[in-house]
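For reference, the structures are reproduced in the following blocks.
You will see two complexes here that share subunit A, one where it goes with subunit B and one where it goes with subunit C.
Presenting the complex of A and B:
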């Protein structure tokens, strides 16, 4: 599913805009490494639009088209908060892996 | 750690220990998510731009952590339903696709619990600990994975077990006007099941919370809660949750069925489910059809009820028996939703208001109620006596209308009428008093063999009560559904004749 979306992104325009949020200024070599990694991941040329956002506390937040990769510290804390709240309702010991296949795939 | 850490922890040290444990268990996964922007909100419906890769039925998360479900996928927008309150969702806020179709927790941890349509507990008994989630929507088992319905499911209601027997894996509709005892029939069937035999799921859709509370209270009171899950989407909950609830209950039932268990699921009721779906469909601007229901309202119920069935032995031999409930207006069986569900199910139990008010309770209409597959699953002993019973009831109904004119009747006609009235009397049953298999066989045998003919009509109920008490002291070799002997042998017949005579002599002496 995701790769399909990425292909569409690729077909849409050869150079995609990537919005990047960081908490502190990145060194040029860090920036280049991030660009390379993202281009490999999204399989298209990217133009990075970096904004300084101290509210994300640390890490990197990236958006390309409709896809967001939230690697910020704030995002992690948010996910933890979410997890703890969910734990007060339903505790799923296998974690939040909703993709676990049904026991018998009889409809295939 | 206790089973409900958040509830039982008393000291700050304990609370922080639990928290630390949970934080330690938390694993952060960095993965790309698809996002969109809310372009329109209203009445539990959200239109979203973006979200290009979303699946139909995929879970969405709004900024305020409310969940949603994508239903309409258009070229430039996505129509979604909000599984909760839509009041805090604002235009321009972002929506994340969770990459998963809507799922609910399943497993035995849910037994004895009252949960909402998303499987979250609403009974304040602490969190539910389970290891599995299942998607709420699932394709029904295919032809080769199914076994024919062959094991009976005893409801404990004499009129049903005798006249419209239900087999495990069957879909039997309970249909009737309001206040005719539909819910009572379903609840009594659940009360008659045992923990080690049939697990039960009661799905309340669009009902008053006071009614739901009464049903839950009943389950608790009669000890049925330990083998029952109650899924509630009451009248005040969003239409989206009312729409989802039966599928959520069905997913929970499937989990048990696939582990080889027998499950009974009650959908109370599907009329309100259709209303909720109509509301959502109209708000999603899907074209309205007959009675303003959308075009796929048949499929709505067909795909739900098709998931019931009896799995083949190769797949564990589990079963899911479904008892959907439909409310009619003025006994109109020919309305849109009733005809739909009648044609989907394997038979229906029609409850008549007129019968109910004339004191025939349960008010099951013998003429309009059928069970298309249950006969094959009836215990042989019960079948032997109930066959005769059905025949005599049919003759009685034919003559009854005629006899109302008060004409002189010949003796044989009068005899049929007398017999029929006594049979109707023994088919009456007080709510929440299930009759065992043994009691049923013996009492039907008594009636069809003319042993009640000399008992006056008013005394039939009293006779039955005392006879049942008398039977409890007797060994009849009829050990009920879980026993071994369910056949109807000549020896047993002889024994029954003797037992009834013995009781009648005894009661004459007493009387």
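Presenting the complex of A and C:
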């Protein structure tokens, strides 16, 4: 993993550390736009510590203090995995009964 | 009387003798014999009465015996019937209990099989989901070019701005 940093701070404001993970290197304008957007979001000056992490596949993962914003593809796939697993358990537990007469389709 | 050859004195003495003989015979023979006969008759009558009473007692005893026998037979019959009823009731209870236990065993086995099947299905679905996610991950890794990465970053920034 490689790091790219953006240490511009707004004068007189407290500076928070923001850990950023991206799959590919960001362009300078993207880096600046990300910094501005996150500072608007958290309403404070941020120092970005950007790390290249191909395992997130794409998108952006950000951590500021205790807050994590996972906009990575890997995170979305994980969310999708959890959603599908929960749905599959609901479908199985509600849709199958050995003591009931057989049906042609269990999952409709 | 003399002409008839009858001696009146002799006749009279013989009459007296005959009377005396009658009295003696009456006292010595007739009275004891009649007493004995009366006593014998009484004895026979008593024997007959006793026999009659004994016959009556025998008949009563027979009737009592018959009643007792019938009662004993009825009681024996009732006891046998009661035993049969109790046996049948116990048989029914044992059968019902056995059916209930068998039903519970079957139900438990069905529930266990259903639970196992559901767990297996859930595990299979989880494996399928994991495989699908892994395949999607691989596909994305191969398909994402630089342009799409930049689009994703822009999309992320737009989302952050949108949720402000």
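Everything below uses one rule, namely that the second predicted complex is superposed on the first by the 77 of 108 C-alpha atoms of A that agree within 3 Å, B and C clash if a C-alpha of one lies under 4 Å from a C-alpha of the other, contacts with A are read in each partner's own complex, and residues count from 1 in each chain.
Convention: a residue touches a chain if its C-beta (ideal position, glycine included) is under 8 Å from a C-beta of that chain, and two chains touch if they have at least 3 such contacts.
What you are looking at is a predicted structure, and each value in this text was computed from that prediction instead of being measured.
Colleague: In the overlay, answer first, second, both or neither for which of subunit B and subunit C A:66 touches.
Modeller: After superposition on chain A, A:66 lies in contact with subunit B alone.
Colleague: Which partner chains sit in contact with A:90 here, subunit B, subunit C, both or neither? Use first/second/both/neither.
Modeller: In the superposed model, A:90 contacts subunit B only, not subunit C.
Colleague: Considering only touches as defined above, state whether A:74 meets subunit B (first), subunit C (second), both or neither.
Modeller: So A:74 only meets subunit C here.
Colleague: Regarding the shared-chain residue A:51, is it in contact with subunit B (first), subunit C (second), both, or neither?
Modeller: A:51 sits against neither subunit B nor subunit C.
Colleague: In the superposed view, which residues of subunit A touch subunit B and also subunit C?
Modeller: Touching subunit B in the first complex and subunit C in the second, residues 69, 71, 80, 84-85, 88-89, 92-93, 98-99 of subunit A appear in both lists.
Colleague: Touching subunit A in the complex: which residues of subunit B?
Modeller: 6, 19, 22-23, 26-28, 30-36, 50-53, 55, 65, 96, 98-100, 103, 105, 119-121, 127-135, 138-142, 145, 255, 258-259, 311, 315-316
Colleague: Okay, in this complex, where on subunit C does subunit A touch?
Modeller: Touching subunit A from subunit C are residues 107, 110, 113-114, 117-118, 121-122, 125-126, 129-130, 132-133, 136-137, 140-141, 144, 146, 148-150, 152-157, 159-161, 163-164.
Colleague: In the complex of these two chains, what residues of subunit A are touching subunit C?
Modeller: 22-24, 26-27, 30, 33-34, 37-38, 40-41, 54, 57-60, 69, 71, 73-74, 77-78, 80-81, 84-85, 88-89, 92-93, 96-99
Colleague: What residues of subunit A sit close enough to touch subunit B in their complex?
Modeller: 1-2, 4-5, 8, 63, 65-71, 76, 79-80, 82-85, 87-95, 98-100, 102-104, 106-107
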